[in-house]
Amino acid sequence: MELEVAKAAIEAAVPGCRLEMVVNPSPSAQHSLLMDAEHAVAVATWLRDAEGMRFDYCSNVTGIDWPAKELTEKVKVKKLVDGPNGPEEKEVDEVRKTLVPGFLEVVYHLFSVERRDGPVVLRMRTVDREARVHLPSLTGVWRSADFQEREIFDLYGVVFDGHPDLRRLLMWDEFKDHPMRRDYVEPDDYEYEPTAHDEVLERARQHVIAAGGRTA
Amino acid sequence: MIDAAQTADQIFVLAKQWVLGYSPAALRPLLSAVLSVVPVLIAFPLLFAITTVLERKGLGRIQNRYGPNRAGPFGFFQPIADGIKSLTKEDIIPSSADHAVHLLAPVVLVVAAFLTYAVLPIGRGMVIANLNAGVLFFFAVGTLVELAVFMAGWSSHSKYSLLGAMRAVAQMISYEIPLVLASVVAIMAAGSLSPVGIVAAQAGYSGILPHWFVFTPWGFAGFILFLVAATAESNRSPFDLPEGESEIIAGYYIEYSGFKFALFFLGEYLGMFASSAMAITLFLGGWSAPLSFLTWVPSYVWFFLKLLAMIAGFIWIRGTLPRLRMDQLMGLAWKFMLPMALLNIVAAAVWKFIPSPPVRWAVCAAILIFPCVVLSRGLRRAKKLQVRSYQFAE
Amino acid sequence: MVGEGILKGLAETARNFFGSYVDGERLTTVQFPEQRLAPIEATRDFPFLVYDGEDWHAGMRCVACQICEKECPPKCIYIEKSADKKPDAMGKAQFYPAKFDIDISVCMSCQICVEVCPFEAIKMDTEFELSTDDRFGGLLLHKDKLAKSNEHYHRIHPTEAAAVDAGLAAERMAAEARTKAAAEAKAAADTKAAEAKTAAASMQASGGGTQ
Amino acid sequence: MSAASVAGEVMEELDAAVRPADDFGEQLLEVSMGPQHPSTHGVFRMNVALDGERVMKLKPVFGYLHRNHEKIAEQETYLGSMPYTDRLDYFCSITNNWAYALAVEKLAGITVPERAEYLRVITGELTRLQNHACLIGFLLQDMGASGTPLMYAFREREKILDLFEALTGARMMCNYMRFGGCRVDLPAGWLEQARGVVAGFPKFLDEFEQLLQSNEILMERTQGVGVLSKELAINAAVSGPMARASGVNYDLRKVDRYGIYDRFAFRVPLGAHGDVYDRYMIRVLEMRESVKILEQAMKEIPGGPIVDPKTKIRGFRPKPGEAYGRIEAPKGELGFYLVSDGSANPYRYRVRPPSLINLTVLEDMCLGRNVADVVIILGSVDIVLGEVDR
């Protein structure tokens, strides 16, 4: 399935939805479609049910963390500079820093069992990485997203609205952070299996002491 | 020669009388009881020890392994090692358990298991108590096992042990019925409720073949039914649901450790020996020799050989079959075993009233085989069980 | 209910029961400490450091380049470079590891250190009876314990070791040729060195292929 | 034990008709099966609510073996993750390697030489043989068969593991594939040994069939138990033998034709009922097909290099981009999703674990069944916790 064709078909079928081609420059050439959150369920349902699409097999659901990054670019700007003859316009290099806000991304890999087609890659992005991390859940469309969305919630912190049972999957319920985020800092009281290396042992010992325990 | 064989046969009886002869008359009843009971208390736990090794070695060979072969010659000291291990292990009692009942359960189990041996004739003249309702006593005391099992499961205060105990009680009570009904045929034929009497009724040989009940159609069917029910009674595979380790881990004795666990183990095997011994008494001629020219071998030797053969059969079955599910187990008891056991009684009655051997063989066999086939086919069809064939996609 | 399926199964287990007494194919158990299987050449357990000659310190091939330390997936290798230099297998003065530790409680025997080593200095051992009652110290192997002779290497991986030796010999010859050539006329030396280089490269490639 | 099971199935059906199931919500017995339950195949846990022995609710709990494999991989080089993939589904390290190598090859556009493809097929199918054999053994073990089928399976597995050791140096943690090929070539005599093992395998399967196939207890325990419908199987992305047992004709060896699978003649068995018996039988039949593939592959294997000479072991940096590569692992569709930012470490490394996703439908299959059924249904899913929890 040509993704361009699919994109046009979806846009025709789901009114108002905005899709964006995300080009994959690697030799795999698995390009993807970026969906907006409002129409995601409608797009997904249509992709699953529509004749000629029938992407009934949502193989893989995963998250990616894109933290905010600073893009630095050098631009030549004309500026008034104090010259020997008073202010004059001159071209100078300036380092311009733009802050690209971070976001969390969810990727769905769809296949069609019926037509033996795929993958069609769908993506959704949250607005930022802290508060506005809500995305619609596609578990209602594909059951296979159930555990995988829970896992993304657990490890990345994307909140899937409409998920029937959104709990942590791999970490324990009391765990606070989201370990797969790029800026995750391993807590110091990590359950270190003691090794032969002093550094780790020392850290572990500190925690035992802090917890009021004795050390040998 | 004959005398020597007889002496060998009766050596334990004679030894007991010899000891009694030297004791004061007032003490004789007590001493007689002790002298009868103590050998049984030694012999059967010893058999248990041997059986554990044989079972593990047998299962090993069935599974293409060696089995235990490190402790002592051919691994035969393995039970000693196991015994030391269980004795030295910490005895853990769950804090929420009912301590008294938790402690009593294994004791009750072993005591009940031992009590059943009181009426089992181990050899010619070798029975602790020759009750004239011995078979009844056997089944009545055997029921105590269920009490012990339930005590264990209930007092442990664990969900798994409770599930196990429930399963065990349901299963044992259900299978008690076919067990008793299957033994009725032997009682009918012998006209006696005394195990000694039943063995006596199977004495004698036609040619070289013995007059065992198992060599009649009803006897054979009864033997098979009895065996299946006894397997279920003693929680052996494929009826080991109460302790199904893959489902409810160890069932009612999950919370037991150390020596109490060993007692459960012992009690279970003693139950199996007792059931096997009863099957031998009822259908396999008790301690009598299987062929007329082998009567010179002491009777207790035959008894134990038959017992070992039965144990080997149990091991073989355990090594082969997967376990049934609870409802299937119940279905087997109520839908198949019970009707067959009742029919078997009819067959045994018919046998008594038809004098001509060929006719009674034919009639009895027809009474049993035809319903058996119909019943099992019907049950199988009702469940739509079949060996399936499969499609392939290119 | 009681049917042929169960009887078939019983026959099968009986066949296996008796078969295990007569058929070695069935009874495959190896009674370990007394019986041992023939060693398999490709077996790998934990890495060791190869040295040439008699003296492990002098003959150690490792030049403390720390590539394996960097590439090791579980990061179980710790190397400290020496301050001075000693002649290596090629006879060239090189650094050597002042400290070379492998924590075999962390090592996962993946052999990546062997693959990335450009000096054929680290190889996989087949020794597996390494149990110790010292949980930390006993499982942290220092370089004196890690150093094993080239003969040992030949004993456990004969095919591979022969290929490695051939490669090293070719390299050594090429190096000798280079030094010799340097003394000769410049133009002649250049061509000769190029030849030797290509020869060495092809030899190495074939050596690497059989690893 | 409810009265229902005492009186057998007839009563059970009556029961269900008369009383609504949620009538006795307060009386449900909550049992935590696992993580140290003997038949949860590792540290898997199910919170089960029981009415008597009937399952009213079942919630799987994961994470006891979670080690954040994906995070570790983000800190490793591309090659450095290869030995870690061995530890996902530790029964089938070679197919794990293969899936990862395939994804990286897609990401970086690497081609694999002919001989290496054959080596991959041979080792991969051997992996499938030993995985399926053991799974059947475990399943029967869960059914309470005292380990006999398991031991027979292990006896055969041992021969295959010997082959793996002779080839890769390790029995389970093979670490065999490399990007663009395989790590080592076949040692002398390996093919003959492998041919012997493969030739002997059908005999083992026959024995197994003799032991189990028509066994009434097995049929009774498995037929009609844990039924999974075709629609749900597809919707929940259930893959591998489990999906095919439900009649989903979806074998990636046929669909994606990755590697050189289009060269071999083999068939895909399909079940019609989707119960435990079908899942068991599909695996048996797949083993027979695998034997066919192996015979063909070992006959046709060509000479040549085993690794793409352009790939380098150190300093491998694929261009920015992403790729999803998947193979038909013994347990189902094993996929790797990689995002590269041009550095030596993957920016994102995701494993699509078939074991975990096949468990999505566990509750659907278990509701209303017995505890004993739960155990064998779980057994028939074929999970390895190293892969479920990653």
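Letters A, B, C and D mark the chains as written, and numbering starts fresh at 1 in each.
Keep this in mind: a residue touches a chain if its C-beta (ideal position, glycine included) is under 8 Å from a C-beta of that chain, and two chains touch if they have at least 3 such contacts.
Nothing here was measured: the structure is a model prediction, and the numbers come from that model.
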item	value
For subunit B and subunit C, chains touching each	D
Farthest-lying chain, centroid of Cα atoms versus that of subunit A	B
Chain whose Cα mean lies nearest the overall Cα mean	D
C-D or A-D - the one linked by more C-beta pairs in contact	A-D
Between subunit A and subunit C, centroid-to-centroid distance (C-alpha), Å	42
Computed distance of Cα centres, subunit B from subunit A, in Å	65
For subunit A paired with subunit D, centre-to-centre distance based on mean C-alpha positions, whole Å	28
Centroid spacing, where centroids are CA-atom means, of subunit C and subunit D in whole angstrom	32
Subunit B, residues touching no fewer than two other chains	62-65, 319-321, 380
Of all residues in subunit C, the ones touching two or more other chains	1-3, 6, 9, 12-13, 16, 26, 28
Of all residues in subunit D, the ones touching two or more other chains	148, 152, 155, 211, 213-219, 249
Subunit C to subunit B touching residues, read off their complex	1-3, 6, 9-10, 12-14, 16-17, 19-21, 26-29, 31
Complex contact set, residues of subunit D against subunit B	1, 5-9, 12, 29-31, 37-39, 53, 140-148, 151-152, 155, 211, 213-221, 223-224, 249, 251, 254, 267-273, 277-278, 281-282, 285, 370-373, 375
For the subunit D and subunit A complex, residues of the former touching the latter	62-63, 66, 68, 70-71, 106-109, 232, 234-239, 248-250, 255, 318-326, 333, 335, 337, 339-340, 347-348, 350, 352, 356-357, 359-361, 389-390
Parts of subunit C lying in touch with subunit D, wherever the complex brings them together	1-6, 8-9, 11-13, 16, 26, 28, 40-44, 67, 71-73, 108-112, 115-116, 124, 159, 209-211
Residue ranges of subunit D in contact with subunit C within the complex	76-77, 79-84, 86-87, 148, 152, 155, 158, 162, 165-170, 173, 175, 183-185, 187, 207, 210-219, 305-306, 313-314
